[in-house]
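Each structure below appears as structure tokens.
One chain, chain A, appears in both complexes that follow, with chain B as partner in the first and chain C in the second.
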Partner chain A sequence: MSFSPCPMFYIQTPRKSSSKINCIWLETSGCFGEVISFLNGEHPGPVDFLQDMCHVVYFGSLMGDEGEAAYTHILEVLKQNEPLLFIVDGAIPLKDQGLYTVVVNYQNKPITALELVKQIAPHADYIIAAGTCACFGGPTAARPNISDGKPLSEILSSTIIHIPGCPSHPIWILGTIGYILQYGIPKLDNLGRPLIFFDQKIHEHCPRRSYFDQKIFAKNFGDPECLFQLGCRGPVTATLCPLIRWNQSNNWPIGANTTCIGCANRGFPDQMEPFYSL
Partner chain B sequence: MSKKTLIIDPITRISGLLEVQVHIENHTITEATCGGMQLRGFEQMLQGRPPLDAIYLTVRTCGICSLNHALTSTLALEDAYQVIPSPNGRLIRNICLGLEMLQNHLRHLCQFVYPDYVNFEGLSPVAKSNPSLCDFRLPSHINLFLVKDYFTALTLSRNAHTALAAFTGKAPHAHGVFVGGITTTPTIVAYEQAQSIIKEILDFATSSLVPNLYTLGDYYPEYYTLGKTQGAFLSYGLYDQPSDPILYGPRGTFINHHLAPLDIHLITESFSYSWFNAPDEPLPLESMPPVPNRQKQGAYSWVSAPRYLGLSLEGGPLARMTMSGLYNHGFATMDRLITRGLEIQKLCECLLAFLEQVTLEDFYNSDWVVSENAQGIGLTEACRGPLAHFIQIEKNTIKNYSLLPPSTWNLSPKDNQSQPGPCESALLNTPIQNIDHPVEIGRIVRSFDPCLNCAAHITSPYKKDFIIQVI
Partner chain C sequence: MSQVNLFEIGQIENELKEIEILISSLHHLELKYAYLQKIASIREQLIQSLLFHYNVRTPTTPFTLAQLQQNYNGKNNQPAYIAIDNIVYDLTYEATWGGGTHFGLQAGEDVSHALANCHSQNKEEIISKLMPVGILESPVIP
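After this line comes the complex of A and B, so read on.
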């Protein structure tokens, strides 16, 4: 029996893997939402990412290999002295030496997210924290934070590109990767966020801004007016949601007649609550 | 006599972090354990927070079935506050639930399961690095059809989220599903978009995915036996209300081929093999929360072992299709995959019928008030089985919140009687052809669509005689 590789018309213009940057996508303590949001990318989307943008050597959710064979890809790429893009989604638990999140078991030894991140990071040319948990702790580190989850920046001293959001928008993630490939690290703000995506507050572009200016406020979810008095965090949240919307749907949280809950902010969720002010 | 212990960690292509350990004697699995490797402690996190915030917080337990949590949490709050949602809003919420499941099922089958059977050589990192050792059997022209499914499913699962976000603002982690209905005012564009996307998914399932799953079964016939469980099922009911235009999965249990009504009080949880300090006796759901202890001797999972009448029950598409009488072939690996494909078709039919029922009335009923002290329960079917949320509210804050998600059932460890969980029992007695490349294990485990992000949880104290209406 013979097995044919994927036909050329699915693997469009494959580049030699050496011409693409090696990439490790590591999922730590989170909800899997970052991966789902990434898969929701369209142009570019996951196919562009896997085929053209990066040579992905480790990506738990998508990779064919499992167990030690999967982890071996990390060990091999760390031996090579080639450019490496390291993407982490999820917070890093410290409790019990990190054992609240074990990512790999290698030769009968559990390897925690904490160990793995410290092992890979020194070899990475670019490090991206994807999602609010990796950037700021997020829901994983919300009080009482029984796993003692920490953002990546409290584990590593390297430069980290922060792409917050719960989840982050696929355009922010893939757009940042595209920027890195073409021009290097984008200009970051004081929280490590690329200014190309996190420079403007929701409030500046909100289609309900005229209601706010005229002080006409919604009384309930479902109302069409400004949601400020119900606790909308749009005025303190810097994302492009009102402009690029979500899931190719032309909708977004305020479009659903609900408040922005500030899911991309440092301090989410603890400092963004209540999400609905009665 | 050859003996070997194998550890597979990570089980890739699932949601979350799972470790499987097996003992193999004479090429046969004699013992199997499934360990959830992550604990966040969502229930403790919810304590002391505003009750209505539970909807936005519990969705964040799981990225692949977040809408299921949004709806279940909303139902628990509606139960607590005695709110009747707008009928139109209820219709849209049912459609949202189905769209999330379509997204999940497409990704599970094509992105997660297919690389175990289909050769993706040339597509890193989806391709196996040692394809000659992976028991790939499909002739190249058939392999090609399934490779094509992979790419189609990437598009259609994304489209399912497009349709969902038109109603919920974004996906995952929806807005709009809320106490009283759905806060969004769906536009005719959203309505027609949903209709079009659902029809497209139905067409794909009918013309390609489901036939290809049966073809897979033809080339891997032993998987109609491997990964078999006893077929003891639990379902909280999916589209089973008398007003639903197409009745699908009934609520209840299926034990010894017998359908019986659900009694939530018969659920207990054992923590004998979980990293928690708790009595060895199984605890009723209203017990005090156990304390995490990662050093506990003999334990191997953050997941607890829920039992019904002391039995380990399985949930998911196979349970729902079997209990609804739509599938009666068997209870093994290939049956789980095929019923997931068949459920895509069934869900599409149900959703199109729900869309027909949508009227031009309001979608949201804002005419309700909160109660200072209340308690409620939400029961739904999520992608991979039964999902329960329990809320207890005191002085307008959450006193306790408890989640019992489906993978807690399916991926549960052994209980105090050493009775294995469904996935563990599916692995037992499996013959392993090549001990150095045990492809059988991943195939069996993935058929349960494991999700370890929300499976590990800490129960909270809850004291109420739940009144569950059984229809």
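After this line comes the complex of A and C, so read on.
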């Protein structure tokens, strides 16, 4: 085994008695934003995830293998009776037998996301739905939903840990994976989201909250006051954005003088519209 | 008096009791009964306030649905009013109705149906926290 800084070489064939849990990260009908956000992770970051935390046997966008060669990694790990962490990133289209998302053409047969998810899930000990599309349908399932995209919970009946966000924050994903590795499934709320990351509303920690309480509201974008009357969804969104900020910076939507659009909510984007009211 | 909150109502009532004790020791009968009457009228106002808080007395300002849709829809700095079960509520400062919208709903409408569907378990609790401002003129029979 040769060490290389390139993440591609950390995806290996499954080993029998691995001390690390096997992991499949399956991208379905999404936008890759979830992966971009994930790659922003720090302490732990994506390299820690690939190198130390899990034994990642399949990660479409990061692995060197493609097509059938990549798919055989999945087939091999399914044959083993080892613990498996299954992460799904994206909604699952149902229309036309799921042909709107084909993961691989295997022996001249298209394997759709719908089929593959149902194939892997029974072998998985932990299933994570990463991002609002996988959790609640998200933008994939937005009006008019031409591919009939569905959230993972409508395809599988097992316990799914929902980590919504468009995209979700790397701390939520990597933090949950770290928790699973140490302690198992964290406490989940009624929507299946880990309470450690999703039990407080943005409104509770917003730095502009005193403006709201004093009823001093911004009239236009760019004003420093509370953005409530411009349509901010902070009061209905249960994420830690004001505390952890984004992109390894000190900024976040309200800090950038724009409203929260509630991207981690069930019902995003259709029920969060209009995103702003001027 | 309707701006007094429930805690303050309790405090005022306690103070009224103390004043009553002091008044009852007066010897000047006319003055004593005048003061006791004054206390009685303050108590009446407190009761009105209490009833307001428990939504027993709703303001009876009439609104039509058309008025709500045109002038109280939350857009363009208008107040955001909604109608639930023929009572009109003011949601302009309700945190979950940013910009006068809530999960695909727009203020200025009758949202009784949506409330019953989405919040079937805690509908009464939600209504008890809202501020009534009037009633629908042409009542909608569900």
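Here, the second predicted complex is superposed on the first by the 261 of 278 C-alpha atoms of A that agree within 3 Å, B and C clash if a C-alpha of one lies under 4 Å from a C-alpha of the other, contacts with A are read in each partner's own complex, and residues count from 1 in each chain.
Criterion: a contact is a pair of C-beta atoms (placed from the backbone, for glycine too) under 8 Å apart; a residue touches a chain by one contact, two chains touch by 3 or more.
Just so it is clear, the structure is predicted and the values come from calculations on it, not from any experiment.
Peer 1: Following superposition onto chain A, is the placement of chain B relative to chain C best described as a clash or a fit?
Peer 2: Here the two partners, once superposed via chain A, fit next to each other without clashing.
Peer 1: Quick one: is A:70 in contact with chain B, with chain C, with both, or with neither? Answer first, second, both or neither.
Peer 2: Once the two structures are laid over each other on A, A:70 reaches chain B alone.
Peer 1: Examine A:248 and indicate which partner it touches, taking first as chain B and second as chain C; both and neither are also allowed.
Peer 2: First partner only, chain B.
Peer 1: Chain A residues in contact: does chain B have more, or chain C?
Peer 2: After superposing on chain A, more of chain A is contacted by B.
Peer 1: Look at A:30 in the shared chain and tell me whether it touches chain B only, chain C only, both, or neither; answer first, second, both or neither.
Peer 2: first
Peer 1: Figure out whether A:215 sits in contact with chain B (first) or chain C (second), or with both, or with neither.
Peer 2: In the superposed model, A:215 contacts chain C only, not chain B.
Peer 1: Name the contact category of A:235: first (chain B only), second (chain C only), both, or neither.
Peer 2: second
Peer 1: Mind working out whether A:274 is in touch with chain B, chain C, both or neither, as first, second, both or neither?
Peer 2: After superposition on chain A, A:274 lies in contact with both partners, chain B and chain C.
Peer 1: With both complexes superposed on chain A, which partner does A:203 reach: first (chain B), second (chain C), both or neither?
Peer 2: In the superposition, A:203 contacts chain C only.
Peer 1: Look at the superposition and give the distance in whole angstrom between the closest pair of CA atoms, one from chain B and one from chain C.
Peer 2: Across the overlay, chain B reaches chain C at a minimum of 12 Å between C-alpha atoms.
Peer 1: Taking the contacts chain A makes with chain B in one complex and with chain C in the other, which residues are shared?
Peer 2: Common to the two interfaces on chain A: residues 273-274, 276.
Peer 1: Mind pulling up the chain C residues that touch chain A in the complex?
Peer 2: For chain C paired with chain A, touching residues are 74-75, 77, 93, 95-96, 98-104.
Peer 1: Chain A touches which residues of chain B in the complex?
Peer 2: Checking each residue of chain B against chain A gives 7-17, 19, 37-41, 44-45, 49-50, 52-53, 56-57, 60-64, 66, 103, 107, 111-112, 115, 119-131, 136-137, 139-140, 143-144, 147-148, 151, 154, 157-158, 161-176, 178, 180, 183-185, 189-190, 193, 292, 294-295, 302, 363-364, 366, 370, 442, 451, 453-454.
Peer 1: Can you check the complex and tell me which residues of chain A touch chain B?
Peer 2: Against chain B, chain A makes touches at 1-7, 10-11, 14, 17, 27, 29-37, 39-42, 45-47, 50-51, 55-67, 69-71, 73, 95-96, 99-105, 108, 110, 139-140, 142-147, 149, 166-167, 220-222, 224, 246-258, 261, 263, 269, 273-276, 278.
Peer 1: What residues on chain A touch chain C, complex-wise?
Peer 2: 203, 212, 215, 227-236, 259, 267, 270-274, 276-277
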